[in-house]
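A single structure is presented below for examination.
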């Protein structure tokens, strides 16, 4: 398993470097970053001073390496807008997004895995059709509309939950549901498909022939095998969710990374934008790496050569 | 609860219907495909004929008539002149909805085309040539997958400036990953078939083999992914516009309409409900169509 | 303790399919005595696997099983609930399947899968279960048994996995083992070893063994009694000697003619073959199922359902309207006629 691990690690690092390069070069999309920073009423002198101050006059490669070097040490520069080190701000807001993401993941898994299993046990039954309907609706519903609707019904009409802010645990329920619903269809479908396939396996027939109880057959034998691809999918989807949290966070005014990203985009806070994209991308890369490892570990055929 | 399947004896051979009849039977027997297709065609026609069907100019602001609810509400202000009511600037919601369909369909289709070309090229080349080409392609795909789409899209749009073209190109350049992944595995499956080997033995050029032998056999996968990615693009555009980084006012993008109504939704909930429902129906119909096509063209691939 | 460990009478299976109702098992009756091996022989699709699944109640959910009598060690199996059946499976009767490569769960160790069979049915401790597993692994000829417990299925060869399956079937000391084509997926050299092993174990533990196979050669060495199955029905039943020396049903005769027997089959002689194909089992077949392929078929073969009749010796039964003497006379006459035609044509 070790050579496999090392190879995947190598690829992950390469990808992270490439992403950093792309992220870095993003600021040049708007043309001269010094001009963008200076604003509309700036003079030539202002622009030149800004250029020198931020080092935009140096060759691009040097700028990139300098930026990368500092980023690896945890220094993402200074936020143009907040006058604070970017790293500080990001790591202050990161836990909130993590909590939102975790909440969403738990909600999604709690809903989709049991549904997927039930749907597979009774294909074409009522519960199967219900599960499929939930999946189909989930894929078609824009998350922001779902979030607003939830906010309206649960927050305003029925007054069950708080609608904005991120102070208490209850503040995360609606955003968590809105965000988690996004990945429920994929996870449920994969669970269902995996279970359906596994249930026709010969070793399930053997398990029944041994007289094992139906629950044992289902969970100990079937699900254990069917869940392997679901685990890596869930990890990957968690990464997607973190990227997509920007919409949910802005709606519910959750003070996380997504909200911060939106604010900094509005304010053209370039260092902050770059850093957030890089952080989220690296996190996603780490997640996929972890998912690969989990995958390998769960399957003895890979784990024990 | 039976969780095993024994191997039953083969049933008698039934008379085989023709492939055409078989396909027609499958298509017309598939409720999802028919419903999705019908709704999509309806929306498309309404969007196409919007200039003729819309009762009002979608940009026409009549402030004296703002915030009229739709006709089914129990409110003295409602009028059949504005079936779906008016927004905060007095613009007819039904007309805006119809023109908004144009935006969604246009952006969805264009972004799908661009991402389709990019993704299919990468995927087919990776699947056909394998080896180093495949490694590079996988690397590119993984890199793309690592970047949060919405975030990058918003960032790019904010830096470059938002317009219809920008949104289309940004989306098109970002959502090609599923095309690449699916086309790659489809190509790999077809690549090892004998007819490809015989084409190679005959000395056919590589472009010819790819276009004439491989593509027709993976076309069904392409169509399915195309429909699903079009739906994906539509939702993304709506999200971008909702955040103010997509289509700009006064254009009637459905996402933008929801965003503009956000502040009013507590008392005028229909303002977000109607465009949202429209989005939902459009995307649902495209998804149903795509799923239906997948079921009909490759039933073994599905459960 | 009954002498007969398994009694089956009138066992039938019906499965609804789009084209009608499939009858893959029709009116099967036989018994298995303690310590004896009964082989069910037939070609692919004749219904032998489904017969065993019917006995174990492991049929697909749509299938319907009916039986006049189905008793294991005197206990009626027909009215039992799923829970009661699961208490019996793996415990009083167990089954070995054809595909050793896929019949074990890849996610769990051999030891885990062996011990769970015992722990499910007995009040034993894990240590006791492991002890028995090791003992049985040694019995089935696996070396380094205690180390094997920690191994995963993918680390073992096909032959070894099948031995594990056999050990697993023996964990609870069952009265009856059903082996469905246990050697078909294995190399020829391993086949003989596995069969030999099964015979030995069966003798030692005095379990009944139902051996399902399409290979008559396999059967000749191992079986005490043989049942020949064709198109959902048992067409002949008897001891191994009776079947091989005095085959009474035209299908059995045809089968035996297909096998070259070293020492008996003359060099250059025609190997037999049975023309035609198996009939469809959807709907009811009037009369003899073999009629369309039988060289002796007459009108009365197709008129009514044919019942089993007694053969020359006790315990020998077959399902044909003709006696062996009549079929032999038929064949002699047909050969004479063919010879005459050939001579006339020259």
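As written, the chain order gives the labels A, B and C, with residue 1 at the start of each chain.
Basically, contacts are C-beta pairs under 8 Å (C-beta built on N, C-alpha and C of every residue); 3 or more make two chains touch, one makes a residue touch a chain.
Predicted model, so just to flag it, every value in this text is computed and none were measured.
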item	value
Chain whose Cα centroid lies at the greatest distance from that of subunit B	C
Between the pairs A-B and A-C, the one where more C-beta pairs touch	A-B
Centre-to-centre distance between subunit C and subunit A (centres being mean Cα positions), rounded to whole Å	55
Centre distance in Å when subunit A and subunit B are each reduced to the mean of their C-alpha atoms	22
For subunit C, residues that touch 2 or more chains besides their own	58, 82
Subunit B, residues touching no fewer than two other chains	1, 4-5
Residues of subunit A engaged with two or more neighbouring chains	205, 208, 214
Contacting residues of subunit B [partner subunit A, same complex]	1, 3-5, 139, 142-143, 145-152, 154-156, 158-160, 231, 235, 238-239, 242-243, 245, 255, 258, 262, 265-266, 269, 272-273, 276, 279-280, 283-284, 287-288, 291, 303
Residues of subunit A that touch subunit B when the two form their complex	11, 14-16, 18-19, 22-23, 26-27, 29-30, 36, 121, 123, 136-137, 139-145, 148-149, 152, 156, 192-193, 196-197, 199-200, 204-205, 208, 214, 217-218, 222, 239-240, 242-244, 246-247, 250, 258, 261-262, 265-266, 268, 273, 276-277, 280-281, 284-285, 288
In the complex with subunit C, residue positions of subunit A that touch it	201-203, 205-214, 216, 221, 224-225, 298-301, 304
Interfacial residue positions of subunit C with respect to subunit A in the complex	56, 58, 82, 85-91, 94-95, 97, 99, 102-108, 116-117, 120-121, 152, 154-155, 165, 168
